[in-house]
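The structure under discussion appears below in the form of structure tokens.
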């Protein structure tokens, strides 16, 4: 069992969870993820690691409340326990001295992007960060970014902060920056990753995306996380989760992500009373 | 493609084997995992062995006897193309190799049927058969290794 | 002169759920022998002086001895004899391919009346469980040595069981949240109830085996760092990347690897969705590609989830690699078999779900140099088969995580760990390996056999020998 050290809603519908997991905290690198189950009957879901404290033996993850597992997770109080946390899984981000890097985080990706920004900075890169959300009240960790990176820019759908629009406006940002960018890295939902990659394709800047397909075991055994990259099938859990955004087959990934959209929320709507009723009917 | 003489054909064939060996050697160098690198080194060695066979023909010593039509399991026709990458596995390596052999076979067969000179026709046919034999070696290995339960 | 025994050549059948009932539920198919049936069957054994059955058992159980105990109704002694060699009898009694091992060389096989050794083994294990208390063997004093076992499947469980009984401290590191490996994620409930696996795992824990689940060696901690704490390690990390046929359409929704399909169902209990939260789709027409035990498990599971279920296999019935018992069970339940059939590609609908498979008819070619008749396509025989799900059950390569993170560990072409067949020793000092990670997909008992040999070698090494 793994203890929840802290749990709270960080912005509407977005949660931050700190879990005691010393062996994971000791090993985890930027770009890696964990798989957890929120309860004994629960599904295994992958979540990116947004921060860790090696000394205290804790890891932190930020997620959006969208399905039955994340809903359950978001209701967990500090001090409670969950049955499974396994990691760190996937390969660490490729961190080198690239020169100037532009890091883009959309909604929950603002969280998982943070360790990447930190590691890029440690390698001596000039680090520019763009965070994107529907509105300014959905931003978080701005203070942490501000003290860490060389420049922090915003895009909001409603224009309440920074540029109005979405990640498709990255080329304008690049033009305005008026300095060479050697690598772009995007964290966020599949739509955000795709639009971001589309936007940089013509500019010819290498763009790395952190993919988030459906996973079960996370160790290369089940193959549900397969994605087509550069015309070849890759297993995101062991060969990713980072891939070249210009090589990913986005249509296929979006379709595969949707496979269980209907089922994801069914456990939420199933009342235990109904189940018990069925069971007693069977008995009688 | 025009060839002046049988020697020119053989020189072409030697060059093709050398190119193939080089291709595999380069791939071997770019592999992340040493056990996959070794596979491509083996493939490269097999191409060099072909080159040696062709050189024997060139020196006029017939050590290379044409044989009955080589069987085709059609694996190379069914599987999808492989784009080489540094993290590919044995399955992808075999697909890559069998498709390359198939392509070489088709090229020589085409050259054979386009030739008007009988000796040249035969020589191209011979070269084609050799490529087919090599393709079959990869297909059989694939059949053994990756189709046991299928 | 003793009375000459009349040979009883009639194998006692095990009562089963009728096919028309069991195809709609996930309960175990066979009920197992009653005491009477077990005793009757055991009495048929002629107690050969030279017991071929023992030689053909990968873990060398003293078969005639435990059979005699059952004939004498001394069940407690019978199970004790089995457990000297096999710490997982309830599992092996169910999933071992006895017809290829002990029963194959039974003297009675010549008259087709070979003893049902597996069924009697199963009976004894279940009998013991019903007694409510399990005899605990004596554990010797700690030798001062610690062994890490990577992977809690059949191979790892065997190594753990063997070494704890020799006084070593044993820790199992399991990547999933439950011990058992393929026994819990792969083999379905109707063939091996999970309660039985849990029972055998609990027994090992009660012997003092320490267990870390959710621990991926190679990721959570490297092999080399573990070896700073442990005197030896055994790698039994099992299956890895599933193979696909590398044909068009395999990434469509509704195309699964057998590993995914079975893991959703068994480990995650998808058949109890939404009580358990991992979904599995209720497909209407499922095609399972492959002809092994895993393919049979998938096809029979699909049937139980309400689908029309077919096996698509490119050779003929004779070549099916699955156990005959499982093939017959599948046939009885109504699984359709398309023999000499090979999928060429899958076509999807507008939203990316598979809607049909294009297959080609095959014929077996002339035997080649190796004597194998390899299937070759019949030209112009392509047809479209409507399906809404495909399960690819053609095998998998070994798990890559340890091989790729342990420098100096020699790997074979398919990424399998190279290990000595007799001892399980790898190219690295202090590391042994066995099971699917060495051989590729094989059977539970072969993995256990490899575990047994490795345990012997590890024990010798720890006690000062060189493990040879």
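Order of writing sets the labels: A, B and C. Residues in every chain begin at 1.
Keep in mind that, in the parts below, a residue touches a chain if its C-beta (ideal position, glycine included) is under 8 Å from a C-beta of that chain, and two chains touch if they have at least 3 such contacts.
All values derive from a computational prediction rather than experimental measurement.
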{"item": "B-C compared against A-B, more contacting pairs", "value": "B-C"}
{"item": "Longest centre-to-centre distance from chain C, chain (CA-based)", "value": "B"}
{"item": "Distance from chain C to chain A - Cα centre to Cα centre, in angstrom", "value": "36"}
{"item": "Separation of mean Cα positions, chain C and chain B [Å, integer]", "value": "39"}
{"item": "Between chain B and chain A, distance of the C-alpha-averaged centres to the nearest whole Å", "value": "45"}
{"item": "Set of chain C residues in contact with two or more other chains", "value": "241"}
{"item": "Chain A, residues touching no fewer than two other chains", "value": "none"}
{"item": "Numbers and ranges of chain B residues touching at least 2 other chains", "value": "82, 92"}
{"item": "Residues of chain A defined as touching chain B within the complex", "value": "230-232, 234, 239"}
{"item": "Chain C to chain A touching residues, read off their complex", "value": "175-177, 185, 213-216, 219-221, 238-242, 244, 250-251, 253-254, 256-257, 259-260, 263-264, 268-269, 273-279, 281, 351-352, 396, 399-401"}
{"item": "Of all residues in chain A, those that touch chain C in their complex", "value": "23-24, 27, 37, 41-44, 68-69, 83-89, 216-224, 226-228, 233, 235, 238, 251-252, 255-256, 258-260, 263-264, 266-267, 270, 275"}
{"item": "In the complex, chain B residues that touch chain C", "value": "32-35, 38-39, 71-74, 78-80, 82, 89-92, 95, 140, 143, 145-150"}
{"item": "Touching residues on chain C, where the partner in the complex is chain B", "value": "241, 243, 245-248, 289-292, 294-295, 313-314, 321, 342, 344, 365, 368, 370, 374-377, 393-395, 397, 403-404, 410-415, 441"}
